[in-house]
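Here it is, the structure, as structure tokens.
As written, the chain order gives the labels A, B, C, D and E, with residue 1 at the start of each chain.
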Amino acid sequence: MSPETAASAGMEQARVNEEARNVVEAEGLKAWYITQAYGVERTVKAVDDLTLAIREGEIYGIAGESGCGKSTLLKALLGEIVSPLTIVGGKVEYDFDAGKIDALKQTEEDREAIRWRRVSYIPQGSMHVLNPVRRIRDTFHDFIAAHQETTREQSIEMARNYLQELGLREGVLGNYPHQLSGGMRQRVTIALATILTPRLIFADEPTTALDVVVQRGVIELLKEVQKRENSTLVLVTHDMGVHANLTNRVAVLYAGNLVEEADTSTIFRRPRHPYTRYLIESLPRMGDRSERVGIPGRPPALDNPPDGCRFHPRCPLATDICRQEVPPLLPVEGIGNGTGPPHRVACFHQVDAPLEAGEIEHAAEMPHAD
Amino acid sequence: MTLLQQFILPRLLQWVIVIVVGITITFLIPRLSPVNPIQQALGRLTQFATLEPEAVLQLREQLMANYGLEGSIVEQYFRFWGNLLGGDLGPSFGAFPQRVNDMIGRALPYTVALLTFTTIMGWIIGIIVGTLAAYYPGRLTNLVAGVMIVVYPVPYFIIAFIFLMAFTYYIPFFPLIGVFRGEPFEAEFIATYLHSTFLPAVTLLITGLSFRFIMARALGTAELSSDHVQYATMAGLPDRRLMTSYVARNTMLPQVTDLGLSMGSIFSGTLITEAVFGYPGLGDLLLQAIYQADYNVVMGITLLSIVGIATASLIVDLSYPLVDPRVRYR
Amino acid sequence: MQTDREHSLLSVESLQRVFVTREGFSTTRLEAVAGASFAIRNDRPEIYTLAGESGSGKTTLARLVLGLEHATSGNMYYKGRDVLHLTNKERRDWFLKEVQPIFQDPFATFSPLKRIDSYLYETTRNYKMATTREGIDAHVDEALHAVGLSLAEVRGRYPNELSGGQAQRVSVARALLTRPSLLVADEPVSMLDASLRMSIVNLFRTLRDEHKVSVLYITHDLTTAYYAADRIAVMLRGWVVESGPVENVLGEPLHPYTQNLKNAIPEADPEKTWEGDASLAVMDTEEYTRTGCRYAGRCPAVMDICKTTVPRDIEVQGRSVKCFLYDEEVPEAERTQAMANGAPVA
Amino acid sequence: MLRKAIFVAIALMVLVPALNVTAQPSGLPVDVPRDELFVMDQIFRWSIIDNYNVWRPGRITPHRHALIAETLWYLDQETGNIMSGASNEPPVYNDDYTQMTVTLVDSLKWSDGEAFNADDLVFTVETVWNTPELSFGGWHAQFVDFLESVEKVDDHTVTFTLNRPNPRFHKNFEARWAGLYMMPEHAFSQIEDLVNYTYQDGPYLGLYAPVEMDPNGFWDLFKKRDDPENTAVCQYHMNEDCGPGYVLTILYGDSTKKVIAMTRGELDAFMNVDFEAFESLLASTPTAKSWYPEFPWAYPNETSSRLIRFNFDTHEWTNNKDVRWALALALDIVQLQTEYIGGVAKVVYVNVPYTPKLAELYYNHPRMQEWVENLEIDVAGEPYKPFDATVADRIGEWADEQGYAQPAETAAASYGSGWWKYDTDTAAKLLEHNGYTRDGNGDWYTPEGERFSFSIQAAPDEVDSFRVANAAADMWNDFGIDVELQGLERSVWGANFETGQFETDAPWLSFVLPDGDGWPQMRSYHSKYYVPAPELHNALGGGTPARLVDPVLDELIDAMESLHPQDPQNLELVHQFLQHWVENMYYISTVSFKKFVTWNELYWTNPPSAENDVYMPLYWFQGGRFSIGGLESLGG
Amino acid sequence: MFGIVGLVTNIRDLMKFSGAFRWGFIVLVFVFLMAGLSWFSPYEEDHRRDTPRGKPPLTEISIGRDDDGERIYARTLLGTTSQGQDVFWQLTFAVRNTFLIAGTAVFIGRSIAILLGMLTGYMGGVFDRVLSTIIDSLIVLPRLPLLILIAAILRGDITTLGLGVLLGIMDWAHPSKRYRAQVLSLREREFTHTAVFSGMNPVKVVVREHMPFLVPFLLADVVSGFLWAIGMEVTLAYLGLGQISVPTIGSLLYWGNYYNALLLNQTWVLIPAIAAAVFTVAGFYMLSQGITHYLDPRTRLTRLGVSDS
């Protein structure tokens, strides 16, 4: 039995055409969970007034702790709005070759035309996303046949070729999901999501709960898939290590707000938002056993977020203005070469220093990380 | 070897135990009954005659021999097993000297046909409609579900009786009892058979279907919220495919298990329904036999149903791994 | 293998656990833990890590230690006493008090239908750590303080009202209530956000340094292992393939599998992206049943002998490695050639 | 492809029956035109299929063998007259009743054309005599017991020699339900195993021959012989081609289903249904009728009566005559007969049905009338006359109130005899005299201080018995006794009384035969047959479920045995038996049998009825051979 | 939590939470009220001839005489039976007695089931295998023929309670198998280990940790138990094998049928009894749906507003 070897090519970051147009644009997006129970309305502002643009061919990372609205943002960008999730304001538009498409107002026909052929989705936790009583090849056929004329034989042939191209063993086609290892299952899911060569791929925590080796295989596969058609990959994960290894650009989400957005190396080298700095600082590194702390406190409940900057209760740099005013997300002056998207930060007290300098002082009175 | 040892043998053993336990119970219960078939037969035979005690005694002994009631209960038990393994269920008490084998042989095809048809149809329709209801929630499906929930607890015979009144009296469309003309598999026989079987079948179908529906709807609703269905929905799979291969296919697994387990109660329902409609199956025969204290017939039928149901369960059990690729035995 | 039972807190010797699974009509005999040996020192508290992929048998080993699984063969000693053959009473009165678990999923650790503090009170009362109401409250509060919480924050709460990090802290606090010498933490941070992991791992360091509690830390996350642990045993399909001080093992891994593991770590640094190949197993059960070295199927430095023979444990460079690459009985030329084929040693 | 096939299969499974039902409106199992087919209630479902051997033991309904077979005489239940079968002359006994000579009809033929003669009778008797298994009706035992020899005198004369006097030996050949049926000597002498012979192909001596049978036992089809003029039935009717071409006996089920079948025109005659079902039938089916065209409709002269029976063996209180009388006086017979029975059965004070013949012999016999009107019982030392002669008139008044047209007969002829007064005060005195006490609520307590309570068992499917029990339970409860009504399925009820597991129950029986003879029924009460409960009550060959021991009865029974049934002395002894019985109130007798024997004159007319009372309508007694033979077709 | 106040709060909470529970609760309260009304009946339970026979609903009927011997007239709500009983009041007795029978059956059956289910689930080994085999055998046995036989044996002597006990004895195999499966899975849940390491003894673990999880199963089983017991009671009574002199839903139907109610169009005698059976079981069904839904940790989380972002 031959070892399963993931694609090894393309170790360098994917290159993005500097003049590429935006594939996805979100403007003033407000995606709230609104529940109505016995006359009491509860609103969870999971994504609140968020504007971003994702360019063609880039790998765009969305980072943040659990409960920051990452997955909700992804659902909104995907146009997968199911009650109680409600779009309260703003818009999301796709721009493929044939003009702009409003992602939030997709009809059934739009959806059929776009899904999987243009826009695809790689879910979190592949454990349960494959039909347990259906062989992989039949699932492939189902997914392909839903979008194009095909016979079962053609679909399977197509799946076989695709798996071969991705360096996956075609034998899995005859298996049931439960017969595969977790990593294999996740990679099959990725193949399933991308077999119709979508232009835009959303991936929601594709590596969470996988162990490191598997995680690496999955990430490499994602890279491979993205590179093949120069697709756009939007990747949500809380794991900064994954962002560092995979993305071109990273957006950091906190409590439903976009707090910082920059190309990956900037984010890791010179993050300006204290939250971003915390996120990166808190990661342990091989070869370094010096003490690191987590981010103090916990993200706020989104049904009643704090006024002003939502990070202020956890921020050592917070001042009165942070408690009263919401910091605007503004481009950082003088950074970037002018053609790419600017480095944007929403903070009144931006830290302009390389991370190594360790600018943030750990306030001794801060509550324990949680 | 492993297959045989680890999987088939334990189940066969279980099957044997089921049958032994079941048959022992059914052997014992009628013998605890106060109704003595010898007394009954004696009563019938001596009803119009003046007999001397010796003649009565002689008659009684002869009946005991005929009925296999000689000796202690233990001896009877072993003789019973001996006969049973020889494929002989003995003579009927009520219809002496008829063999129980013949009586059951006559009734069995009717019950098997009725039972098989209604069970399979109820199963299929119940799952299809139940899955549809889970898939398309709304006012209409709530109404259907409401009706099903109301129908489900209604005892078989009430539904049977309502149908009987409605379609043999108010609208005299169906025969009052099972009426079968012609030789089996002739056109006339099939026509009259279907005509006579329609009402009992519908009765059994409705009750069977209602439970399948409720179960399929509940399972389907749960299945719909499962990750794999949601993902497939998101991927834009057509509704029909989702419903069949994704929702229904998965809900069928617990339904298969339940079907195996509910064969007993389905049989009970058939018993009552047959009695109401004068349908000449095992149920009607059994009920008559119980009323006449015809041990051997009661035992023959109960025994057959135990073997049948145990075997049905065994088949379901053995085939389950084929149906569900996930199943693991540990 | 014989370890120094007398001077070890926990000494695990050639422990084996076999599962027989039936899938459809076929039966598989899986050696989930295959003669694993390691020891946690008794002279000073340490954090001992069991690392490996999912399916490497590390969780089964942890469950064996906790007594949640029965060993098929092998020995285990705690403070010099055989703990595989304890009576129920001994187990409850002594062993459970000494060794306490921390589970992977903080929300599964507690029944969602019960208040979380009830476990704290139960533990205190059942082990008779305090008797009066005030005493119990104080004891619980103390343990909670040790994990950075307080009774006031936790009292009357249901598990789902706490965050994952908080719940995991309560889980640790509950374990501390019996004043154990050893905590067995099975993937305690894998369900938590990366940013929260440090707080729990730091907690273990604090417990070791300040409360003198040893921790058997089971994880697949080598960065936290490197950060927190003193010694490490790397597991592969039921085997311990490399063990020793964490700086040695993770700093300069010798076994190709450890190297593979280390290479797979995504460093939070865009400059340091992966090099080389990651090799993955297709099916979890496949490697368990392999004859020869269980890694032979995906080892870049595989030799012919690996496919037929089970390697020995070799003492080399201050650690133990289960690999023919370091076995002097294998011709050196062959080994050099194999190493050259394999992934570059970090 | 497979999927489509399955779909089509399922669709067919649903559609075919649905389409088919529109094509099949008839509910009858046979394809015979209705102007040739008479359909009657089969009463039982056959469990023995395709077996027309009427001599073997086992359940058999008489109408079947009477259609195909012939015995020597038939007993008209109503008149007690003997009707001729294979013999048209009464048997001749010698003086000491040890020899009986029988003369056979000389014009009968088997269905294969062979003449019926003395050889057949001798063969029949000898075969049954020598074959214990052919014991239906107990004939074999009787022959073993009494028969010395049977000899052919000439082609149509046979002489029986008995080993001891038996003036009732001819009863073996007299069908009430069944008599010994003639075997075709020329055919049966060729058959080795007559016990298991199914007799499907004849030859038959009756008017009909079986042609088809439901393998499930629900129905049985008979076809008229090609030579009806050679049968006893048509000769009786003096009609060379009497009776319908085909007779179908069929079992539909309970009252409801029988009524439905008749409204659907799929049943021409049924044996009985309950009162309510009959009423609804009248409303829906104008062509249906029972005996009387108006109230009380039902045929009143069935030869049995309903009663309440005590168990003297296991329950102490039942042995107290005063308590039994108190219970009788606490029953309001008028209410029982009207409210519970619907006014349609005749009241009887003793277990003798109120048929014209028996009413004349017993109820209206001067000796009995005088006795009952002057009957006095002892109530706490005072004499008390319990008889109430006004019962029938009061029922008549009730019927007037209901707006029923009154039958032409006198009240007594329609509603039976007098009965005991409804006198709860006297009943109370009787109980109190025996130490029973009554509390403020009117509840009775036994002398031991316990609540006076007992149960009454009855089989609900025996409609009138159950309603008698129901009425008694209601009335006794009103009187203050805690009576529980137990409706038991017939076989359990039967087993209970046979083994003495009851306190009181509601059976049916008659003390006399339709011709007035008492001994055959009364002999069971001889104390030599007594066995204690829970032994089978008839373990010794006779016996009564009540387990009665009374030397007075023994003497009377012994005296009757050797008397010829028609001997006036026999009648006097029977009278004495009945008087002694009533004075002790051993059973509380209530009403005579009535039957809603119902005919639907849709296809066939001229059934027996009050206007056409040539023969009784109880077709199941002699298989309806006479009434069916007299039917006329109304066209299909 | 399990005090009266807690119970009331829980019920209130449940009513708000689940429409099914709300309806089921209302239906059952109504049915229980019916049963309770039986104690206020103007007629005795086993008494016949109280009213004119076979009168349709809302007829004015004589219900007896006052002290002066004058007839008292009243309208009957649901009509009268052919035995001269008021259908409404008979129904109150019938509901009460059927509840008693089914309740006894359910109680006994579930007690045996829980006990055996837990025993087999926790003991494991040979004990489990032997017992499970027997239980599996009993599941497969067709119960109605056996029940008919036993009822035929005991008939006449069988009391209302006795019938309940008999039904209970026959209805535990299936649920006990379910409990066993449940216990087996609970035994492997992490919080069980937590409880064990918290020093709880097995009894405490079972009662405190596992019982709450069995409650939804128990409730669902109670419903199916009621369904079965009522069905059997009705079926036995219909066949004339119950204690038909005691008013139960089944004996009401039996007598209705005995007096040809359908043939005579006296539907008012049958419909209330059928409705009572249906409402009772449907009520229990909805109640269990509501409770199961309520106790489900997943829905509980959403209910408490802890939703994912």
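As a convention for this text, a contact is a pair of C-beta atoms (placed from the backbone, for glycine too) under 8 Å apart; a residue touches a chain by one contact, two chains touch by 3 or more.
Since this is a predicted model, take the numbers as computed values, not measurements.
Note on connectivity: the fewest chain-to-chain touch steps from chain C to chain E number 1.
Counting C-beta pairs in contact, the pair that comes out ahead of the other among B-D and A-B is B-D. Computed from the mean C-alpha positions, the centre of chain A lies at a distance of 53 Å from the centre of chain E.
Centre-to-centre, using mean CA coordinates, chain A is 92 Å away from chain D. Each chain gets a centre from the mean of its Cα atoms; for chain B and chain C, those two points are 55 Å apart.
Each chain gets a centre from the mean of its Cα atoms; for chain D and chain E, those two points are 45 Å apart.
With touch defined as above, residues shared between interfaces to two or more other chains in chain A number as follows: 179. Taken residue by residue, chain E touches two or more other chains at 152, 239, 257, 262-263, whereas all remaining positions touch fewer. Among all residues of chain D, those that touch two or more other chains are 260, 489, 492, 496, 501. Listing the residues of chain E that touch chain B in their complex gives 133-134, 136-146, 148-150, 152-153, 174, 227-228, 230-231, 234-235, 238-239, 253, 257, 262-263, 274, 277-278, 280-282, 285-286. Within the complex formed with chain E, the residues of chain B that make contact are 14, 17-18, 21-22, 25-26, 29-30, 32-35, 149-150, 152-158, 161, 165, 169, 261, 263-265, 267-268, 271-272, 286-287, 290, 298, 301-302, 305-306, 309-310, 313.
The touching residues of chain D, when paired with chain B in their complex, are 10, 13-14, 16-18, 20-21, 23-31, 45, 47-49, 56-59, 132, 135-139, 141-142, 144-145, 176-178, 195-196, 214-218, 250-253, 257, 260-261, 263-264, 266, 489-492, 494-496, 498-499, 501, 520, 523, 536, 538-542. Chain A contributes residues 78, 80, 111-112, 115-116, 120-121, 123, 125, 127-134, 138, 142-143, 145-147, 176, 178-179, 193 to its touches with chain B in the complex. By the touch criterion stated above, chain B contacts chain D in their complex at residues 34-36, 39-53, 55-56, 58-59, 62, 92, 94-98, 103, 106-107, 110, 117, 121, 124, 164, 168-169, 172-181, 191-192, 194-195, 197-198, 201, 278, 280, 288, 291-293.
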